[in-house]
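What follows is a set of structures for review.
The two complexes that follow have subunit A in common; it is paired with subunit B in the first and with subunit C in the second.
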Partner chain A sequence: MKNIYSEKLVSWYFLSPILFIHFFVIALPSILSLALCFTDWNGFGKIQFIGFQNFTELFDDRVFKIAVWHNFIWTIFFLTVPIAIALLGAFILTGVKRFQLVYRFIFFFPYILASVVNCLIWKYLFHPKHGLHTFFEDLGINFFQNSLLTQKETSLLAVGFVDAWHFWGFLVVIYITAMYQVDDTLYEAAEIEGASKWQKFRYVTFPSIRPMFVFSILIIMIWSVPAFDYVYILTGGGPAYSSEVLANYLHFQAFRNMNVGYASAIGALMFIYVFIITGIFGLLRRLEWEF
Partner chain B sequence: MIANPRLRKLPIANHVILTILALSIVLPIAILFFNSIKPRAEIGLNPLGFPNEIRFENYYDAFVKANYADVFLNSFILVAGTLLVCIPLSGLAAFSLAILKSGKKLTATVGLYLLVGLSIPAQLYILPLFILWKFLHLNNSFIGLIIIYSALNAPFAVFLIRSYMVQLPAELFEAARVEGANNFQLFLKIAVPLSWPVFLTSSLVVGLAVWNEFLFAVTFIYDDSIKPISTILFSFSDRYKNDYTLVSASAVMMALPMVILFILFQRNFIVGLTSGSMKS
Partner chain C sequence: MLKNNIKILSLLIGLTTLLMPAIGHTKTVITWWNYSNEGSGLNNALKEEIEDRFNASQSEIELQIIFKGEDVNGPTRTALLAGAGPDIITSSGSTYVRAYYDGGFLKSLEPYAQKYGWKEKILPWAYNLGVFDGEFYSFPQNYESMIYFYNKTLFEENGWKLPTNLTEYENLAAEIKSKNMHPFAYGSSGWQPTHEHLAGNYFNTFAGPDNVYKALVGEKKWTDTEFVEALELLKKHMMDGYWSGSLENYYANDWDGFSAQITNREAAMMQIGTWGFEIMEGFKGSGDDWDWAPLTILSEDAGEPNYQLSIGGTMSINAASKNPDAAAEVLNWIISDKNRVLDFTAKRNYGEWLLPLKYEESDFSPSVDQRIRDYLVDFAKATGNGNYGYTTWTFYPANAGTHIWKDMESVWAGDISVVEFLAEQQKLWDKARDANELIPVGKR
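Moving on, here comes the complex of A and B:
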């Protein structure tokens, strides 16, 4: 009995240093935040408990509602465009022998570049004076006449595009890993049946990679909520809140306005959303729902 | 000659699509590089093409103007410090979960705790963390940010290293235990030397994450003298926004160390970055 006890204690000795750090950086502040969202604290001075007032104010806050809507659009955009391109890229790549590694290297490349660098690349390309416009102007296309980042109608999707441009290669790699685990005899059978490329994808490839596909949907839904870097660097949420998202708005409320309670309330709502999404996916998995 | 002409044409169509996709990535990056070696006057005349005149001095100018010698050192301290704290401690934790008979319950609980930690959006805790760090005088300092980065990357590192260590043969550890080795010796003399590939992979991925990190860097460091490269490049690009040659050169300089590492350790990066996220 005593022996088991000491074994257990030893396990804790090894675990505790990193758990200690992790607790102080992530767990403790998260708990504090969940408590502070019921107060009107401004970072110093007295902390006053105000119940759900922050939340009722949030639901009347025009900018907050805009940000929620934009995060929704952002999520839908990432669930469609990058996934479609990555599926296409990965499916074609598995059928290609020559240069396959070169393509994979290229597709993945922007994922290792810093957000600041990727943003600089595209800020330049969107610039009307010397960016893509100078090239497309000669072809008679005026789409890039004004920077897509500085127009109200396009700023959000332009930022999303830059983020997706750096991200989709990541999806290619995880899809390709899954596609290589597909049993070759299935393709041979499809070949004998005379299946077209699309049919092979639809009836052989896609069902086999479905777990990975569901996984990619999960991480996109989770990662779309705290999306920050690209918005902050490219537009700062503007012009006129046209690219404002929750993370950027929270950052503004927290570090410009020092509205600790209000910002914590936004954070709490983001956390609840992520919690619900992971909960749903976890539940589906537990119910052994066919992915 | 070939019965079905579609079979012959398809590979070409495939390569066309792949080439278009590849160009959409290569060209923007190439343009950044071209601009970094152009004379400033050429930007207006030749904004997208290969430079007519090559001017490598842009790199020197940017290096001096952005004070990159110090900035690189700042980023290097952050990367090295995080690796020194995060990787050994994560290795210890992974060893405990993988090798020590810590019981299924403990492993599951710790795993769940780290998973929940991974899925919490940083925005939830960044502000209380900032206040806490201010109170402890840890904000605006390397050590404060190193602790944060270590915590942020710990779940990834623990999961990745653990997934490698569970595959090590248990007999090795039992034999050493019979010889009288204690747990720490098992870790240092057997587990670490045998799992060095996963230590390399996790160090590369964590190093990359720290080098590129923006949100915590911009929030927690506000003295220019200790800012890392990501936030310096951000403010530099704003200050010199009319001189694209300088901005491009400094962006290339920021990317270069990671690009070289990526070329050398491509497999480690791809496996680490993708499997790391799949563990969750």
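Moving on, here comes the complex of A and C:
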């Protein structure tokens, strides 16, 4: 009787409902999906085991290779541009004394807008007939003559820009929260030492928010893998696969091409990548790499 | 005491409310899942024109149309896999019907087709699309074809005539461009598969429907010269800005954008499916008039002007339905009255619910626009005479059907050549043929 109410078991009792739901809603379908990557299932009919054929075909697939490369560019883009802007924005905001909540809300606002709304706004802004072009044309600037979303050379970065526009506000909020935790005496000491703003940021702020910074890098690296909605809505991966990413290609294979087995193989590789990333971060933590 | 009486009374009322429907309800309920489009009023129209009218027409069956969002295929697939789903299944087209049939989810409609004489009522090519291994499984909700729409007033003002061959086609395009207009309004923003409309048009008007048929049934290769030349010509015209002025603008233009182009004289013509009749409503109040014509034949090999065959959604009966006979009665009611069908599709601007029935001049009410009447009658006549072509989205198997539009952008971008593109097409066709995944074509 005593064992049933032991402290160890009670915590499991509380965890059991969510574990139960997690097993049936996430774990089991994921395992089944992993099994599907060895089949040629079209989502309807008979399931036939085909071994590693999906993977062999994937490594020969021109579009898959393009998508992998684009996901890499996407990750690098999000690890640099939004992070740099958000760090700067957060640092500046910490120095603002009045209306700070208003500024925070303004920065965070795009993040709470639905992705469809964000996309439609930017689709219209990029449109050559009624977007930014009409404004800049009067100034003699023809950069927006063609939509950045419909040119092969710019489409991926244009989609990335729109996504980053909505995402960087989120980073600002988490960085600013971390910056407020920094001990004021450290700044006072730096002030006495005659540190410049940059030096304060470099030697006080940044080391103090490093755990949050590393966390943001981890989530960006993980979230960049299933990047989907902005690509799907803005370009559909085009033109000519110039903005194709893995998740969009997976969706295309599963729901347009009815190649559920093939799509599962793409999903499995995405899962392995995320698994490796989280594994590396976990390992670094175990090695007591300072977060 | 009073409290007890109120309790007893409430209990009685509650029980009566619960049991009354069960006692009084003896009708067979038939469920039908359809896609939803509240914005265009489709949901209300289906409820009023089909559900309410059918339910009022008899007392044995209660039809319930249930809307499953814009994409009905997803929920239907999940339900069918779970052995459930509605009695009447709607799908987006041939590819889905093929997949449902292969999965064993469809009930054969062959006995009902014979009982109700559906084969005599439905246009033969449309009927054949629902025949798998000799039995009838689905019939189209709608049929379409690709035609020209053009600004008639603009043509008259400039003395332009619709082209009858490639030279006239290119000369007219040059003439229109010289007036700072686009030859054709069109765009793919929001619907990438738009590219396949153009590819299909060039296959059927340059390579010709006979060759397309041979490729569909495996008697020719998609890599043969006619198809290569057709797509080279399409690429040339695309790069020349025939559609919306440039490739980039074509990619940026959406439905509203290209609809406006033709009604406000930015473009002179439009090559689009007959769902474009809806766009022509935009001419009202513009001061200009519109007309339509079959697509120009661009090479001698392509024969007579033809209408490409195409179907919109399809309807079938779920193999797991407990009341297939009643479901078949619903389907029969829907197609049994041509006037009712024409009346309903008129309210949908002929873009939806134009069932492929054998219409004649006398079936139309005098209020129907003469141009639409001419098209429907001419379509039936021309296709009856064998002058028909094939749309990619109706006759292509899944992978080849998506490749034709998805990879077309790579051709236009110069990443791959037309020959490489068609070699991949052929590979996908061979694979589908080996796996018995082809769509029924019907003998030409």
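Keep this in mind: the second predicted complex is superposed on the first by the 268 of 291 C-alpha atoms of A that agree within 3 Å, B and C clash if a C-alpha of one lies under 4 Å from a C-alpha of the other, contacts with A are read in each partner's own complex, and residues count from 1 in each chain.
Criterion: a residue touches a chain if its C-beta (ideal position, glycine included) is under 8 Å from a C-beta of that chain, and two chains touch if they have at least 3 such contacts.
On a predicted model such as this, the values are computed, not experimentally measured, just so you know.
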item	value
Three-chain arrangement built on subunit A, subunit B and subunit C clash or fit	clash
First, second, both or neither for A:G43, with subunit B first and subunit C second	both
Which of subunit B and subunit C A:A195 touches, first, second, both or neither	neither
Touching partner for A:A240 - first (subunit B), second (subunit C), both, neither	second
Partner chain(s) touched by A:P128 [first = subunit B, second = subunit C, both, neither]	second
Broader residue contact with subunit A after superposition on the shared chain, subunit B or subunit C	B
Partner chain(s) touched by A:N257 [first = subunit B, second = subunit C, both, neither]	second
Contacts of A:I222 with subunit B and subunit C, given as first, second, both or neither	first
Partner chain in contact with A:V274 - subunit B first, subunit C second, else both or neither	first
Superposition clash, subunit C versus subunit B, among 75-83, 201-209, 237-245 or 309-317	75-83
Shared subunit A contacts, counted only where both subunit B and subunit C touch the same residue	43, 123, 129, 255
Contact footprint of subunit A on subunit B as seen in their complex	10-11, 14-15, 17-18, 21-22, 24-26, 28-29, 31-32, 35, 43-44, 47-48, 85-86, 89-90, 92-93, 95-97, 100-103, 106, 110, 113-114, 117, 119-132, 147-148, 150-152, 154-155, 158, 183, 187, 208, 211-212, 214-215, 218-219, 230, 233-234, 237, 244, 247-248, 251, 254-255, 258-259, 262, 266, 269-270, 273-274, 277-278
Subunit A - residues contacting subunit B, complex	7-8, 10-15, 17-19, 21-22, 24-30, 32-34, 36, 43, 85, 88-89, 92-93, 95-96, 99, 103-117, 120-125, 129-132, 134-135, 165, 169-170, 173-174, 177, 197, 215, 219, 222, 225-226, 228-229, 232-233, 246-247, 250-251, 254-255, 260, 263-264, 266-268, 270-271, 274-275, 278
Residue numbers on subunit A that touch subunit C, as the complex places them	42-46, 123, 126-129, 146-147, 149-152, 236, 238-242, 252, 255-259
Interfacial residue positions of subunit C with respect to subunit A in the complex	74, 77, 80-81, 95, 99-100, 102-105, 189, 192, 246-249, 251-252, 257, 398-399, 402, 406, 409-410, 412-413, 415
